[in-house]
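Pasting the structures in now, so scroll down.
Both complexes shown next keep subunit A, but they swap its partner, so subunit B is in the first and subunit C is in the second.
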Partner chain A sequence: MSYHFIILGTQDNPLFSYVLGTSKQGGDGQARFPPSAAHLNQFVLHSSLDIAEEVQWGTGHLYLKCIDKFFNNYISCFVTGSNTKFMLLHQPTQQGPGVTTRSSAAIGANPTSPQTEEAIRAFFQEVYESWVKTVMSPFYGLNKEIRSPVFRQKVAAAGRKYL
Partner chain B sequence: MSSNRAARLGEEIWKTRIDKVSAELVTLTYGTIVAQLCKDFDNDYIEVNKQLDRMGYNIGLRLIEDFLAKSNTMKRCSNFRETAEMIAKVGFKIFLNITPMVTNWTNDNKQFSLVFEENPLADFVELPDDGRAQDELWFSNIFCGVLRGALEMVQMQVEAHFISDILRGNDTTEMRVSLIRYIDDELPPEDD
Partner chain C sequence: MSNLQPSKSSSAKEGLRYPSSGKTIYTRPLNRTKNAEISQAAFAYLFGEMISYAQRKVTGIQDLEKRLNAQGHPIGIKLLDLLLFREPARTQVRPRTIVEVLHFIKQQTWVHLFGRQADRLEKSNNADTPEEYMIIDNEPLVNSFISVPKEMSQLNCAAFVAGIVEGICDGAGFPARVTAHTVAEGEMWPGKTVFLVKFEIEVVDREAYLGDRK
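Up next, the complex of A and B:
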């Protein structure tokens, strides 16, 4: 499973971007996006914004779960109270015919399973907490790019822990 | 006054005579002031340090009166060591509910360090990553001014500056305070 995590500000402007791979089931935390399509992730993520904006008013929750699918890319979304969006693109590794499949409950094997949903919820929740602290810093301006190395580390740690 | 008595006094005043405000209010207000100063002076951090010190000085000049009224100790400290204990265990305690550690005395008892284990002004703060703020800005520099101003009003001329700050990546937040002299009562210039 490969992940691309982005944060979008209230004007749908990108604030933060982080690419990671799974660390569960012996994963090494490296993303395995096909080189030919890696640069399309941003487009895919942004193209789900319309759906996010439609769904966000329907549920009473910040976590919108998996809202969109584009070929093998699944998009999960989390909206904060001030309409900043956390979006996570997850792409299960394409498994060749000879490879033994892992258990179907494993995170990543099935992108819409409750386990994956729960793992992503935990990831978003942890990132959300760090994000709140980061935006409370007096030197951070609303809708400005998040450049804090501390925040990046925390996102990486949350990724290792849950994804 | 012994160290323990000072600690008890600070605790008692904090509990009974102090109005409390939200810590976030203090943190965010102070943070905004510093960020605005940085903007106003085009990230000239040396100048920002100076301005913070000056603001603190003006606060200190008046705050000492409040401190004396609240602490009800109309007795002079008999030496500089006692003064240090009062600052840390009563002064910081009643105004900010923190007790910095008094340490690193020089042999002549004229210089000590205040080590801040917690600093309510600096919660949430991350210094700008422009490569200079980490080396130049003393985020909590207002404290230095406050001490300088307050002690001046009780006949002590001191010099205070930070020598390390957790925000900069140091292990501790430490302020160095040195006594320059006791200010003698000066006679007003005679008018002829």
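Up next, the complex of A and C:
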């Protein structure tokens, strides 16, 4: 399973971006995206914004769960109170003939299973906490890029813990 | 590119200085301990300075109120997510309707800022202005040590609070204009203030559309 996590501001402008791989089931935390995916992922994530903006008025919950699918890419979304969006693109590893089969309950094997949903919720919740702390900084304004290396470490730690 | 994974040595190259205790804003808890209140005297002093700062080179009372409003606006946006984060997980929901936003302001926000709820919420009686709502505070805390000179009787320094309210409305996706007006009510509440919340017309339209869909 490979993940691409971005934070988008209210003007749909990217504020933060992070690529990670799974650390569960002996994963090494490295993303296994094909070389072309770096650009493609951004397109896929942004194209899901329309759906996110529709779904967010249907439910008051911050976590919108998995809202979109594009071939083998699944997109989960989390909307904060001030309409900043956390988007996570997750791409299950293609099961090649040489790969041993994993149990279906494992996070990542089945991107829409309740277990995966819960893991992503926990990840988003932890990032949300760090993000609110960023926002509370008097030197940070709305829709500004997040450059703090500490924030990046926090996101990486949350990824290792839950994804 | 910012989305590349940082290599292990990159943090040393950033040239950022970390506090020697290793504590950053990320290690501080967001939940407030009980009774962590600031002194009203300190606030009154600071607020007085904020007003005189805003008063420099202003063209008129409206301009002054606009500047006070602008000082409050970013606070509102930040406060919205902080208060939402502090909600218990079950009730952690984004406000989706005008009434929910106003309740959030009247209850959570007012309690957080002033230690009590706002006194009343009202909808405009005028059928021509369905987008107008009023938040009423009988005795705004920010005005407790502010005396407005006679020639500026139009001024209400709670414009600062109006800015906070506007920030919350804007942040939650309900763009609005918020202004503070003094509406004295006899001897009892001489400083009674009405916060007039005027939502953009598209907010009312969206509300009607979402209401129909249910």
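By our rule, the second predicted complex is superposed on the first by the 162 of 163 C-alpha atoms of A that agree within 3 Å, B and C clash if a C-alpha of one lies under 4 Å from a C-alpha of the other, contacts with A are read in each partner's own complex, and residues count from 1 in each chain.
Note that in this section a contact is a pair of C-beta atoms (placed from the backbone, for glycine too) under 8 Å apart; a residue touches a chain by one contact, two chains touch by 3 or more.
Remember, it's a predicted structure, so these values are computed and weren't measured experimentally.
Taking subunit A as the common reference for superposition, should the pair subunit B and subunit C be classed as clashing or as fitting?
Aligned on subunit A, subunit B and subunit C clash with each other.
Tell me the contact category for A:Leu62 with respect to subunit B and subunit C: first, second, both or neither.
Touch status of A:Leu62: second partner only.
Would you check which partner chain A:Val150 touches, where first means subunit B only, second means subunit C only, and both and neither mean what they say?
It touches subunit B and subunit C both.
Looking at the overlay, does A:Ser82 come into contact with subunit B only (first), subunit C only (second), both, or neither?
Second partner only, subunit C.
Comparing subunit B against subunit C, which has contacts with more of the residues in subunit A?
C
Once chain A of both complexes is superposed, is A:Ser130 in touch with subunit B (first), subunit C (second), both, or neither?
second
Could you tell me if A:Phe139 is touching subunit B, subunit C, both of them or neither one (first, second, both, neither)?
Touch partner of A:Phe139: subunit B, not subunit C.
With both complexes superposed on chain A, which partner does A:Tyr18 reach: first (subunit B), second (subunit C), both or neither?
second
Hey, which part of subunit B ends up inside subunit C in the overlay, 74-82, 92-100, 110-118 or 164-172?
Superposition on chain A puts subunit C right on top of 164-172.
Going by the contact definition given at the top, which residues of subunit A touch subunit B in one complex and subunit C in the other?
133-134, 136-137, 148-150
Applying the document's contact rule, which stretches of subunit A touch subunit B when the two form their complex?
133-134, 136-140, 147-150
Write out the stretch or stretches of subunit A touching subunit C in their complex.
Where subunit A meets subunit C, its residues are 4, 6, 16-20, 38, 56-57, 60-62, 79-83, 128-137, 141-142, 145, 148-152, 154.
Could you please specify the touching residues of subunit B with respect to subunit A in the complex?
Residues of subunit B touching subunit A: 28, 31-32, 34-35, 38, 123-129.
Would you mind writing out the residues of subunit C in touch with subunit A in their complex?
2-6, 10-11, 14, 16, 24-26, 28, 30, 74, 77-78, 80-85, 92-96, 100, 171-173, 206, 210
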